[in-house]
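The same chain A turns up in both complexes below, where it pairs with chain B and then with chain C.
Up next, the complex of A and B:
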């Protein structure tokens, strides 16, 4: 994210990522530095312009001298850090995380409106997930088609909460929230009422655009037709910071 | 005939739409190059009625939805050195597995009673019994190579077969993905 205006004195630190010596502002996170330097780190819940959530664990990295893995999105850089972003151990964990996401709900790519435009689908391919080793849960989830413009399919939801954060932080409506625990956890509109009955929803569609999968889509889209456009987000986020 | 023996390949379709086999045929003129190197000894595309022994590569399209699918998958596993799951139905259950959200009896009633106006009846002769849960192929037998896609493109199938013929282990994620 671009720096807010009128910054106090921010120091620069030097660190090493995957063998590259880099410098960064001390208020930056590891994932921000990686993105600036074209070091690819997979992520689902992290999205530039929204607050950090740290839930998906796909951006885990290894820090020399520490056995615990760190989420690159929620860890600030520090002087002298030596970071590895793509070790065999990390690849193994990422693969497992993606497989568990596929196994939990019903991501049937071939009949999904987001087929070909889905971040989960890309991640699976990038992480080498050519099959899911755990049994599928085969649980049924609800679809909410009550909104006249948009549709929510919990089958495709990965609980990244981008919709919750964009609605609260950028649109300022806070229509979305999260309820339930474990596999019953789901995103809700207002007090778990049908989306179409929501009194707070402004129908701006920001939640739909930031959703990484086919969980939030436009009504009337067919297989592969739901293309998302997130260009608005960094622009609006920057303006919010400069006010 | 070339001096080196040809690689013996068998294919079959389980619960799928045969689209993956159509994609196989979409290799077009490369099929001629392919049969210089492989013998397709058993397949819906050829005439053999029984699965021969000692096969190098077995290719399965479709998911495990019936007792017949299960038997075929077990037989392929016994006969083939390398077993390939071809396409999303074989790899992850895909559309056939969407019935797993319903009880099998409800699915059968829906298909053969609820929507039938003339002599509704559940077929029992000449058709294999459905399993209560549809599984990907690797849910019942070990699988060596997974080629996702609905269907995988002819290029993806060509790449995988070329690598297997060359004795290498293909990396299908470099050429295809779920839903491709």
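Up next, the complex of A and C:
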């Protein structure tokens, strides 16, 4: 989260990440400190400029003296923390999470408009996913192509809710929501109406840009042509918080 | 007692196939069928997907001629957009199609067929392959590899990827050609043309040796279907449909490809997953026709490039009158087309407008139905889509070259079996000739089997009395 402009009495804490002694403001999260210090931690639902969701669990880290793993995006730093970000156990978990994401819906990268520009693909590469060890669910999902400018392909959605948050927190339209549980869970527009019929959507395109995969894309793009641009987000987020 | 001889698998064809010969009481061949056991169900799983995914989806029906699917599919999408694509975009697509033709024909001739042609059908199978050719005719084998490489390099230069380029998009191509790339491609052509001419000259000397094969390799009369230019010349990318009969009479001409359904019907047989297209006015199975290099050359008035036109004139002399009927001469036709492709690419690359920046028309879908037809190396390829208001596919029909040739292939197998296979003597040579006749058509079977749902394959073989002598089940 971007820091509010004039916050009083912020203290500085010291902590150790992967053997490095670091200092950080006490209101920062572990992932923010890592990003500032170029310590790579995979993440999916986290996006700088949006509220923290903590759902994908890719950013898990180990805290010394505690067996439970912590999500780096939703855990604040504390004095004296000793953190490991890339142990063998973490690598194993992350790889499994990414495999499960692929198995859950139908990701056919070779025909996807986001092929080559996709955060899920990058994660798979980073986490060493060379194949998926669990059976694919192969459930069938719909495509909502009713919007003039954009398209929603549930097959490629990883339910990170970035779209929901950016639409609510930055654009202020709150077109998106999440409906259903478990494997029926999916993102919806308005009251599960076709996106093209939405009365709240302003067609600003922010959700499309923050979506990490080929789930939200621009109409008229062909395979591999959908490149997302998220530079607007930290700037807009900071402005919102300074007003 | 009836016996069944099953040749499985037919080696050196892309995909899998099985041929069954039905032997009668006295050991003579009664029936021959070419079965398709591979199922890929593309038409079904395209449903509900955005039409813009179709080029990439259908290109995956085949790793051998993905460019052809890419082009036919994008043409169907152009039709959905209702745009005419910028001339430079069209020329660039044409170049890619010709490069594909070159590499595919090179693969068919040098890698798949030359072992039979050079080493003989009766040679030991352990040497009757491309490695055997390398030992006996190293220069020819090297030429083949190089020619294929030239085609692939051009595809790669244009599309950025050899196998599944995504550079061709609905409305044109995604990126204009740079001067450097153009020059690099132009630089490859003279060498390719030299190889093509050399191979052609060499093959001409071989042809007289195969009079026997030429007489028995699918030499029955059929119709020929292909695209031609508005002037009736050789065409691979656009143009109009023409059908000639075995006597050389034009029975259909200048039919816009979007009216293909007027000409082509599709029958279904339960012994094969592949559909059986036929010429509608002649009915099924009487409307048997062939597509591909042989049909294209038979249908064309001329190639329109200098050396290829000389070769075409020589091709016509293979027979005294009329269109060339023997499927054996598919090989010959392929070599003529390689020459044409290289000459034509050279011409297109030298076109003053080829570096133009405008290569793509942008639009969204403006109609519910789109049809794209192009000539793949193996023959006419038809893509036909229907979409809903939102641009999602709700119906797909693909007719591929191997499908068009399906009837003719079965007929040819029967003919070869009649002539060469004697139930009492099953020498390698006989069986190989049955395989070889299929290889004339150069079928790419993995993409020929896209038609049906979850039908398990089951083949029953019956003797003259109708008793089942053998059953095969799959799936």
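Just so it is clear, the second predicted complex is superposed on the first by the 241 of 243 C-alpha atoms of A that agree within 3 Å, B and C clash if a C-alpha of one lies under 4 Å from a C-alpha of the other, contacts with A are read in each partner's own complex, and residues count from 1 in each chain.
Keep in mind that, in the parts below, a contact is a pair of C-beta atoms (placed from the backbone, for glycine too) under 8 Å apart; a residue touches a chain by one contact, two chains touch by 3 or more.
Worth saying up front: this structure is predicted, and the values here are computed from it rather than measured.
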Message = Do chain B and chain C fit side by side on chain A in the superposed arrangement, or is it a clash?
response = clash
Message = Taking the superposition on A as described, I'd like to know which of chain B and chain C A:146 touches: first, second, both or neither.
response = second
Query = Of the partners chain B and chain C, which touch A:121 in the superposed model: first, second, both, neither?
reply = first
Key: Touched partner set for A:131, first chain B, second chain C, both or neither   = first
Task = State whether A:102 touches chain B only (first), chain C only (second), both chains, or neither.
result = first
Inquiry  = Output check: A:113 vs chain B and chain C. Expected answer is one of first, second, both, neither. What do you get?
reply    = second
Request  = Pick one for A:221: touches chain B only (first), chain C only (second), both, or neither.
outcome  = second
Request  = Overlap the chain B and chain C contact sets on chain A and report the shared residues.
outcome  = 110-112, 115, 140
Key: Touching residues (chain side chain A, partner chain B) in the complex   = 102, 106-112, 115-116, 121-122, 124-126, 128-133, 135-136, 138-140
Inquiry  = List the residues on chain B that touch chain A in their complex, please.
reply    = 85, 88, 91-95, 97-98, 100-101, 133, 136, 138-139, 143, 146-148, 150, 171-173, 176-179
Task = Name, in rising order, each residue of chain A that touches chain C in their complex.
result = 110-113, 115, 140, 142-146, 151, 153, 196, 219-225
Request  = Report the residues of chain C in contact with chain A in the complex, numbered from low to high.
outcome  = 48-50, 52-53, 55-57, 60, 164, 166, 169-170, 174, 362, 364, 390-392
